[in-house]
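The structure under discussion is supplied below as structure tokens; questions concerning it will follow.
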Amino acid sequence: MNKGYYGKFGGIFIPETLSFALRELDTLYQDIKNDTTFNNELQDIYIHYVGRPSPLYFAEKYTENIGGPKIWFKREDLNHTGAHKINNTVGQALLAKKLGKKRIIAETGAGQHGVATATICAKLGLECVIYMGETDIQRQELNVFKINTLGAKVVPVSSGTATLKDALNESIRDWVTNVENTHYIIGSVTGPHPYPEIVRDFNSISGKELKDQSIERFEKLPDMVIACVGGGSNAMGVFAPFVDDLNVELVGIEAGGVSDSDIGSASINDGSIGVLHGAKTMILQNNSGEILETSSISAGLDYPGVGPEHAYLADIDRAKYKKVFDSQALDAFYKVSRLEGIIPALETAHAIAYLEELSDINKDKNVVVNMSGRGDKDLYSVMSL
Amino acid sequence: MISERFKELRKHNLTGFVPYLVANYPNKDIFDEALAALSNMGADLIEIGIPFTDPIAEGKTIESAHHASLKNGFNLTNFLNQIKNFKNRFDTHIVAMGYANSFLNPSIEEVSQKSREAGFDGFLIVDMPYEETDTFKLIKGRDLEFIQLVAPTSTQENIERGLSNNPSLIYYITQRGVTGANNLDLTEVQNNLKDLQKITNVPIITGFGIKSSEHIKAFKDYTDGIVIGSALIECLANSNPIKSMKDFLAPILEELKNE
Amino acid sequence: MNKGYYGKFGGIFIPETLSFALRELDTLYQDIKNDTTFNNELQDIYIHYVGRPSPLYFAEKYTENIGGPKIWFKREDLNHTGAHKINNTVGQALLAKKLGKKRIIAETGAGQHGVATATICAKLGLECVIYMGETDIQRQELNVFKINTLGAKVVPVSSGTATLKDALNESIRDWVTNVENTHYIIGSVTGPHPYPEIVRDFNSISGKELKDQSIERFEKLPDMVIACVGGGSNAMGVFAPFVDDLNVELVGIEAGGVSDSDIGSASINDGSIGVLHGAKTMILQNNSGEILETSSISAGLDYPGVGPEHAYLADIDRAKYKKVFDSQALDAFYKVSRLEGIIPALETAHAIAYLEELSDINKDKNVVVNMSGRGDKDLYSVMSL
Amino acid sequence: MISERFKELRKHNLTGFVPYLVANYPNKDIFDEALAALSNMGADLIEIGIPFTDPIAEGKTIESAHHASLKNGFNLTNFLNQIKNFKNRFDTHIVAMGYANSFLNPSIEEVSQKSREAGFDGFLIVDMPYEETDTFKLIKGRDLEFIQLVAPTSTQENIERGLSNNPSLIYYITQRGVTGANNLDLTEVQNNLKDLQKITNVPIITGFGIKSSEHIKAFKDYTDGIVIGSALIECLANSNPIKSMKDFLAPILEELKNE
């Protein structure tokens, strides 16, 4: 199998200009990932800056309400900047420093990855440019202001649908142009190899913690781990350490959009194999291979592709991928706020919504939902619904 | 065959003319007319961009052309019929240039087969890396040639692994950046082309940001063909597109022929 | 000395109707504060829900920039709901349950205490009513929406200046009316005894952690601890465990408002002794004892009184209290965002601003700023400046 | 002395009339007029609210009156002169009722001294708890009496500790809530008043939400005086305030006198 493949998914589908940078990144990463100094530096930031480990919380009232298994939340919402995204940006920014690159670029949709990137760049003193679709800039003005406050620059992207996908295109174009002094921090387990691997590994801190915490709190592994899947980084992060534990059910939740008769953003459920943004994976496309305009109530899931490793886990039936619609996610958003006092990100609300399906599961089973982010960023859009 | 054509040019110390068009841009009729005109102007190879929603290696000009063509309802099956008609009238070499996803639907085999039947001579898939050897084999199995990209950032190792797939032509990218970029370092390009010729005998065409007779003058002795892309697409956006294109190309062609 | 006094400050200045409730609360609290079951329950929530302990973070770039002592941040901004406020609401809500009270009321200005109260009420299944001035409701619509999302009710207060002070008045009126089934969660170390003590104790979790973390990280106690002071709960929380360590300098930062020629909210610096909201303390008042309309760029510091224990610590010179003006706080807000990738609450920015005075302190000294909250809540107001 | 007056009333089985006004509300002139009128109507004690920015025990009506008076420029020193004039003309007992902060500026000693000089007979400080024994001593040291509040939620222990400060009068609060509230439980009030009389011989006045002859009828046998507050302040907000007040009070006074 070629390097960077997961079954028939993955690869390095990029313009040749970027080839050396990806190989350089791959080499450095393979070298450094077991390096003690690097890992100590990373751990120090995780602990004292990000606020790790994130707690494993028993959702007592939600458990009662569902009347099925015990429900636990892995609290990535408590991380600095409010989501799992920082786990990855911190790691990649340290990598960039090792690569001697002083300029960082990143794409952002809802702005979360942009904020997380601008944050670590501020801390490490790296120049930072964030590409963001003009449509997204308008609907996420708070995050744009945050990015600016953190000293980074937001570059508006007006081409195509002027959203995340186009911001990604534009980031790649910047990277092609400035590849020698610039590191591109991709925000999910998408893109060409070695990104899916790197982003998964940095995110898997949450899965590793969860493994230890499960043993500590309920003396065995979880029976099921649920996470929402946009590109799939938070999900790969909690899934990865459990992939070989075959009795742990892994469930990824994709955004179904308004209803089954519209295009949502469920690339595995509704897509087909293709190449997008550097990887062969499941994507939402028409018969001619044109990428479709997706939709979801949650900006962070509104992406026509998915990480290749998820496509693979689905293909080999190791994980299952379900669809949750906008209205179900919104119900879960309010329900978990009212029952547990935790306002989740709309992305996360998709994962939570799936709990409604689980009332038949035995009461002594343990189900963990990855609480990938908090809802602060979504309040204005929910308010204006 | 494309490779033969360029070997021939090299033998006679000539530099090929390789214009780039986006399929059906600015519309079907003008595109057809431009294709015929370029053939009549003696194009040695015409690259035809297959429009894609997310053409990540393109600058604004070509990206907009892709989107415009899609908006006009571009459809590959219909387009292949158009190509058939063109090839009935002209024997100019043509390659389909585009992004992997456009070539994989429904499968690389089927797209190769139909493209060959329509008269395409080869493929240039911008984001298809040399590792995808099976894909290149499948393409060649359908009697199509393919073009290998080499960038200023390509390592010797990369280039050699790419060459092991036996491309018919090398496309040397003049600069870091997207199509139409404006950062040409003439001497760097010349040196890199010289180095490249030391590694391989495969003919080399050169493109990205070439738009003036000065550029042609600087490069023609170092390459087997010159690609004119964004600058030409810009002409086609004008009110009298074919005339505009011809006017623009006149001094360029003159410089190309000027030994 | 009378019960509930700190030197000449404190006391129980409330209408007789509330007297029994305060005494009942006091009795219960004195009983329960060393109770193992109660403390285990509280710890469980602190760890798994709030996300404690909060890290002690070394601010490397800020340290370099100031060129004086080593600067550390105690990261209360990473707590669930984004500030120290939750430390107190969690404890008091558990107390309310022990008191058998199923209804909670609270006042809020910027909305932080309201959100923190509504949060724990959602989790514990308590009815929750939040009083908020109409002016504040308009300028903090996001927090109003949050409180509603958490299932609590916001009651607008239109009397007086329609801000925090009036919300407090109205809460007391509600409490007088419903005292038998209602617990009032005061949001700072203000109010009648036993509130200043209870709120201090619940907040002192951060100071206790800091003490351990200091030893662990730099092998001695901090040389200086800095915190902003509105009512003074985050400051009392970090100060309390150090009060007897006389070589630890304690510095409270009050909000000076626009300039020295306007009324800010610096009750210790600019006020005089009086009685407000149940306690004898330093307050901002005119010669006739009328309470002044205060001002500050940060809603959470914009209060004409201060906790009586602070008035006492100032009086006996154990802590010093300095003033920071709006523009200095704003500069610090941007500076720490850009240098460290941490966007602070405007309240917290006051404490940070004081670091500018410290460049002469020896490089081997350790100064800790209590990072009382994150800036998300303030972005809109800073944006519209 | 206030205490004597109420002992006298009790001896004759009478119930005192205790109206409440807010100083200089709705304005100085009407206030002065109302004060005189109430004296002429035979008030046994008049409570005069000292306006405060944050009157936490007051309902909307009285709170607004406080704020209105402050807005009109209320000033204690000037007001004490007004009281002096009133006392030159009337010997009606008056107490200053208000919030601790108004009595502490510049000091309780000075405020007591000046209030006594102006003719006040006593203080009722709503948020001054029984623990502040020194304060009560200081007040009494300036020859002022004070009134102790008792609420339905007061424990026997509290009441007894309050009584140990030797108040001249007890003000029994009829209900949980603020002034003007509307939750009167007539039987509960009667029972609590009966219980209170078992504990102490100090005369008891009763107030909070009393506004009709029904209320008077229900309570007058259980108390030594009835306070009329919010209902009276509402009259003063009308266009013909004094007449409105008199009209409102007529049936109440009748009921009070009706043995």
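A few points about this structure:
By letter and in written order, the chains are A, B, C and D; residue numbering begins at 1 in each of them.
Here, a residue touches a chain if its C-beta (ideal position, glycine included) is under 8 Å from a C-beta of that chain, and two chains touch if they have at least 3 such contacts.
The structure presented is a predicted model; accordingly, all values stated were derived computationally and were not measured.
Once chain C is excluded from the assembly, the chains that remain, linked only through touching, form the groups A, B | D. Averaged C-alpha coordinates put the centre of chain C at 37 Å from the centre of chain D. Spacing of chain A relative to chain D, judged by their CA centroids, is 67 angstrom. If you average the CA atoms of chain B and of chain D, the two centres end up 97 Å from each other.
The residues of chain C never reach two or more other chains; the list is empty.
For chain B, residues touching at least two other chains: there are none.
Taken as a graph of touching chains, this assembly is arranged as a line, each chain contacting the next along an open chain of partners.
Listed by label, the pairs of touching chains are A-B, A-C, C-D. Considering their complex, residues 47-49, 51, 54-58, 61, 75, 77-80, 82, 118-123, 125, 141-142, 145-146, 149-151, 333-334, 337-343, 375-376, 379-380, 382-383 of chain A touch chain C. Within the complex formed with chain C, the chain D residues making contact are 52-57, 59-60, 63-64, 67, 70, 74-76, 99-102, 104-106, 126-129, 131-132, 149-155, 158, 162, 173, 176-178, 181, 183.
Of all residues in chain A, those touching chain B in their complex are 2-3, 11-21, 23, 159-160, 165-166, 168-169, 172-173, 176-180, 273-278, 280, 283, 285, 287-291.
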